[in-house]
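Working notes, structure below.
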Amino acid sequence: MTAQTSTLLAEAETEANQPVQRRSGRWRYIGGKVLGSFGALMFVIVFNFFLFRVIPADPVRTLARNRLVSDKQVEELTRTLGLDQSLPRQFLTYLQNTFSGEFGLSFKYRQPVGEIILDRLWPTLLLVGTSTILATVIGIYLGMVSAWNRGKLVDHMSTGFSLTLYSMPEWWLGLVFLAVFAVGAGPIPKLFPTGGLHSTDVDPTSFAGGLDTAWHLTLPVITLTLAYLAEYSLIMRSSLLDEMGEDYLTTARAKGLRDVYVRRRHATRNALLPTTTLVVLNLGFIVSGAITIETVFSIPGLGLLTTEALEVPDYPVLQGTFLFFSIAVILANLVSNLLYGLLDPRVRL
Amino acid sequence: MVSDRVKRATGGVAAGVLGLTMSWIGVSAPQAASADDPVVFTVGMTNEVDSFNPFLGIEAESFEMWALMYDQLITYSPKDMSPQPGLASDWETSDDGLTWTFTIRDDVKWSDGKPLTSADVAFTLNRILDGGPEAATWGSYLTSVDSITAPDPTTVVMKLSKPNAVLPLLPMPIVPEHIWKNISEEEVKSYANEGEVVGSGPFRYVSGTAGGSTYKFKVNPDYWGPQPKIDEIDYVVYQADDPMVQALKTGEIDFAEDVPPLQLKAIEGEDGIKTVTGASPSFAEIAFNTGSVDVDTGEPIGDPNPAVMDPKFRYALGFAIDRDLLIERAYQGGGEPGDTIIPPAYSQYHYDAPADLKWSYDPDRAAQLLDEAGYKMGDDGKRTMPDGSPIGTLRLLARSESPESLHTMDYFQEWLADLGIDSEVTAMESGKLTNVILDGDFDAFQWGWYVEPDPDSMLSYMTCGQRGNWSDSWYCNPAYDKLYEQQHAELDDAKRAEEVKQMQAILYQDAPYLVTAYDSIGEAYRCDRFEGFVPQPNPGGILLFQYGVRSYEEMYPVTHCGEGQADESASASDGGGLGTGAIVGVGVAALAAVGAVGGILLHRRSTADERE
Amino acid sequence: MSDLTLTPRRLTWQRRRKSAGRTWSQFRRHRSGMIGLAILVFFGLVALLAPALAPRSMIEVTEATGGVLQPPSWEFPLGTDENGRSVLALLIWGARVSLLVGLLATAISMFLGTLIGLASGHYRNFFGAALFRITEWFLVVPFLPLAIVLASLLGRSLLNVAFVIGVTSWPATALLIRAQTLSIEGRPYLERARALGAGDWRQMSRHVLPNVMPMVFANTTLTVAIAILSETTLSFLGLGDPLRVSWGSMLDDAFQTGAITTGAWWYFLPPGICVILVVMSFTLIGQALEEVYNPRLRDRT
Amino acid sequence: MSETTSDPTAPVASPAPVSDFVKSEKPREPLLEIEGLEVSYRTASGEIPAVRGVDLTVHAGESVGLAGESGCGKSTLASTILRLQPSNATVRGGIRVCGKDVRTIGWSDLRALRWGQAAMVFQGALHSLNPVQRIGDQIAEPIRIHDSTPAKGIPARVRELLNQVGLPADRAQAFPHQLSGGQRQRVMIAMALACRPELIVADEPTTALDVMVQAQVLSLLTGLVEELGLGLLMITHDLSVLGSTCSRIAVMYAGRVVEEGPADEVFEHPQHPYSAALSAAFPRIGDPAARYAPAGLPGDPPNPQELPSGCTFHPRCPVALARCSEYDPPIRMAEPNRPVACVLVGEDGRDRSAAQSS
């Protein structure tokens, strides 16, 4: 999700709901937003079903190839997977299941999709969660430093650094880190594991297990953090530069505030406003961005689950993960809108 | 102006970070291995187990897990995959081949202490007969079986409607009746069979979930068969070959399954690592559209090029393929040149074509055969149909996710061009390719098959009956079908082998398939930790993921490469955890960071009022 | 030739040339913009002259002459890949696909985005609002999962990859153009056009579009940058066109054949660096253009 | 912290006219002393002079007006008083506020002075107030830094300030965009008075307001200045505003003060042709002549980069002499306490009649 797109969405949001504010109270504003998100959810649910049905491959054939023999066995498999029903029938069962929170059985693992997603959820959340927090904090700080020292060396360096990271495919960065730190290149020893979440001989639930997982996640988190902090620092920098031209900063300085307080209490706080909404908005897209990082670092998260499920194609799992990603984005979108309404008094009634 | 609170806070943070790093170093230093530690054998693989429920799973990895957890009636001999006694110590069949009687061992106990009897065997086999997911997975082994009964605790009697040559092969795992009888038809569809698992096999399930990345097994102390010399098996799933190979080098795992040829070469020289390239019972082929028809009406469908429908044309192309070059380039040396659809691994049934018929890379012979068949070279350097009309461009389809498929078709296009035949390569998803095959809109494609120990299933794919189902070359030859029926009911092994070879001879001449290569599977293991694997087939076979668990039973821990004896005091688990060097490095880096941050903070405090 | 004889058409073209000249003079002052342009021209030339720089046979698997994964040598300045092909030749031909897909995808996304953006901005009735809602919904659908599904749905050819990226990136453009349209629609001269009886299509094409075009042009370059990144990612996930070499497919092959563990840096470093350079060049140009057209952003550099 | 001159809440006798108040209190040290101030900006296209030598003093209880067209350097001058000028400005000459030389004191002293002794009221209040911070907090901020009022006393002080400027106390919770232009300007004034400064610098305080609100705000400002005995420097282009509110007026043109003197003198009998044109531009009610005289000046203020030679006003001066184009007249006393920078004034400031005839 690029800086430029997210700014657009934010502008579109504020602009779109401009007329709404004037006539109604805050609840109407929140209600409007929630309704919009609900509409988006409905769209995704329907879009989700048909999207996968159109894939030419037939899961039974792919699953059975090389293993099952008689066509009786193929019919048996088709029936157990419920693929023998007519399309509308499948759509109805799909709707019933989705609303009752039951996502059907994975074709490949024959486990309820909900459970599989929950099992594979925490590595992705751990990876994406830590990376987003780090990326936000470092990104905003970097953006602040380069905005305040505009034109100086530190500004050129940090903007150049962010621009390079922004133009780099994050998974390629992961590959380089793997080659240098996990495999060990020349002087650098093998510092980190080459993939996975746990060492085999450590009990994952114990404290040492926790440390071991942290040790496994260090490289992927650094990669994802670097990838997203570039974007945040560019957003923060331009938002802060806009603020720095404002007169109320001169007033603040005139009031005798030390320069560092002028920045912290006035400029940065106002510049943080649009940035936080964009960051939260971006959160939704990071979850799907983890797909590439999980592939490179062999982390059994949701991203990997999606790419694996695609080979079969395992409709229930694909629908489950796709729905999850969309909900993540819709929620992030909703939170970002409400946050914007909350933080910026100019919007609230 | 800055309150003391801030100063104290930065001091506290620095101390906290310091403490964390020190504890990190202390805790995860690798525990020194001591003699009475359990011998843990760690296996790396690149595909997950799709289900621990023996009636649901389909992946090869799941078959391996079931083989560890449960026993089978009949097992395969490592030497030549022929049936060997398992739970059934002895079996015999009536003259008309319609009644099979198995004698079941009486000294086998389930992990919960209950005895395993013929009732469990009958229960398991009947569940498969009744249909549902059980039939989907194991139904093919009980074709034409009518009833299965257990007259007494040590005998099981099977009645058939027609003789079935595949018997006595019954590789399905036998599950405890007292557990599975209260799992209904509906529940079994999503029964994960994880957590408390009652089994009788050499190992017992400890932990691991379908699709997860680690599975743990521990040895069954009172196993009736040969007692394994290792205590625990850990399976680790990697998403790509790279990390797995690395894990083997760093000692995180002891065995790496299915290592691609290039990486196998890369680690051949490493100390403490031995690499094995085992023949795997699967082959790759270039298949032609021998005449796609609508199975019901018999009307031709699709638009195959008439040239590929002529057996002579196809047979001639057999000489245009340089199989050695393909192995070296497309398979990076990971395979053997191929000739017929039953791989040499099953030596009993493998057909060797006589010298005069045998394919070899001989473009001139191919040109000569094409001329004889009427496909003469036109004056524009392009060969024409026997009636003089141009052949046109042959459509070669490759599977986009397999580099071997793409490169094989690239080479084939070039070799056809050398013979003056135009062709173009298109790549598509294997799912989409299946649809195209069923519609008949293709001339040739590249794919492969995995052949089971009993050739029956593979041979059936070339019968007229399988067209529109599993047959992908639309091949239909009544003489071939007659021989198929004969061997299907032939109980005499020698006679059956002869009939199977005759069928392959027909296929060789008609050439619906040009078998290009027999895949081989690369395996690598820490020879400084474990030895004594039993290859299947022996020699030249693969070590693990075979038909049967003999390797797990025979292997033993060692301390150094070479033929080390079973050494009790072997320390098997010195790997794992952080390399000490690594932690110290990280700890020092953390300390330096804390120092630097502290320094900057102090500096800023002192110059506070000087700045703006 | 005195101005008097200028026909209206030639007058507008003269004005356009003059404004283009002005844009170029302002653009020239952006050092970063110029660097970006230089890099882009270099890679453009490499892509165009690919057959001259490295004969097509050098990237055919069948014609490969080098050993497997050989380190850089005189014969192969950037070493060889797992099939023995020269990595340098692959890199040169890869530029073609990456740039082509990037531009193609942007064209699709621009076309769709402009059309829907204009319409949703222009039509005030239900139709306009519905279009806006749909754009917002599509923006909400996460890019990568949708792209992966579409790529496997349509099969894997150059055109399909470009189509997939185009179809999944049009909402951003649509929103930008909608915002511009709304601001232009508010201007009095559009009421005048409406008063003179201009139909919807005429208003949009004659009045709104020319004003929106400069902003769209700047946004295009930024979209190309993102399109190239997306193409590389899709190829890395194995969804690119298998028959054509692109930087993404090179990285996928490198990862699959274990170039990382065997330490074949010459196989996976160069494609990554090329992607960074091209994407950065487009971003720099895009930012410079944005500032030329939108003075408010001028203080951003 | 200097003690406040008078208790703001105590009732003051009927307000004595400002001018004689100043005279009788002469000996006290001036609040603001600007001597020979020169300010120029370093830009890509060279040095641009904004202020070319200005002398100005403001005493306690005295309100001085500074008039001039836009671009004559009056805002630049205002910004240097609290050293708020941008980093690319070079400042020469002396600026003393409450006895301290603003250009040389250390940052901490300067910060103590800013809003502590001298405060400013800016032009566009909407831009000069932090849009996302409540009014009450913005007023309380300087108090917390400069004043010794205990934390719990601050809200009361804020309410008191709001009353002083005629705003209801509950306005403290409001945000800038929820107030009208006039109210925002009153908030600026309340904020300026927060730390009981001795000097108020008002840079175009009422320009953004319509006439009615402008009058209210001006009377509020001048009333408070008198009541609290503060010094006021009022900067605006609107001479009539200065005429009615200030005791002395200085007129600036192209970076220099061309005339200074008591307000009514400068307004009624301007010596310098530019001041004359400026005051003529504002019609006086009840003066019939004003209705006919063509108000306004030809041409626009000079471009600071290419200042005209000699007297910078000569191209637009209706009574310009031939000499004016080369000779840049220094400031001379036309009458005691009436400096004027014009050749017509002559050495002894007498022979004005000769000039009018030519």
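Order as written gives the chain letters A, B, C and D; numbering starts at 1 within each chain.
Heads up, the rule we're going with is that a residue touches a chain if its C-beta (ideal position, glycine included) is under 8 Å from a C-beta of that chain, and two chains touch if they have at least 3 such contacts.
Computed from a predicted structure; not experimentally measured.
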Looking at A-C and B-C, which one has the bigger number of contacting C-beta pairs?
-> A-C
Distance-to-centre winner among chains (Cα means, whole assembly as reference) = A
Which chain's centre, taken as the mean of its Cα atoms, is farthest from the centre of chain D?
-> B
Just how far, in Å, is the C-alpha centre of chain C from the one of chain A?
-> 23
Approximately how many whole Å separate the CA-defined centres of chain B and chain C?
-> 43
How big is the gap, in whole Å, between where the Cα atoms of chain C centre and where those of chain D centre?
-> 56
Just curious, how far off is chain D from chain B if you go by their C-alpha centres, in Å?
-> 89
Where chain B touches two or more other chains, by residue = 240, 242, 246, 401, 429, 432, 611-612
Could you list which residues of chain A touch at least two other chains?
-> 55-57, 178, 183, 194, 258, 295, 313
Please name which positions on chain A make contact with chain C in the complex.
-> 1-2, 4-5, 8-9, 11-12, 15-16, 36, 39-40, 43-44, 47, 51-52, 54-57, 163-164, 166-169, 171-172, 175-176, 178-179, 183, 185, 194, 237-238, 241, 245, 284-285, 287-289, 291-292, 295-296, 306-307, 310, 313, 318, 321-322, 325-326, 328-330, 333
What part of chain B is in contact with chain A in the complex they form?
-> 1, 24, 27-28, 40, 42, 48, 50-51, 53, 56-58, 131-133, 135-137, 139-140, 143, 189-190, 192, 209-214, 234, 236-240, 242-243, 246-247, 250, 252-253, 282, 401, 429-432, 434-435, 449-450, 457, 460, 466, 469-470, 573, 575-579, 581-582, 585-586, 611-612
Residues of chain B touching chain C in their complex?
-> 240-242, 245-246, 249, 260, 262-263, 266, 329-330, 332, 398, 400-401, 403, 406-407, 410-411, 414, 425-429, 432
Chain D-touching residues of chain A, taken from the complex the two chains share | 246-248, 250-258, 266, 269-270, 273, 343-346
In the complex of these two chains, what residues of chain A are touching chain B?
-> 55-58, 61-64, 66-74, 76-77, 80, 105-106, 108-112, 116, 119-120, 178, 182-183, 189-202, 207-208, 211-212, 215, 258-260, 294-295, 297-300, 304-305, 308, 311, 313
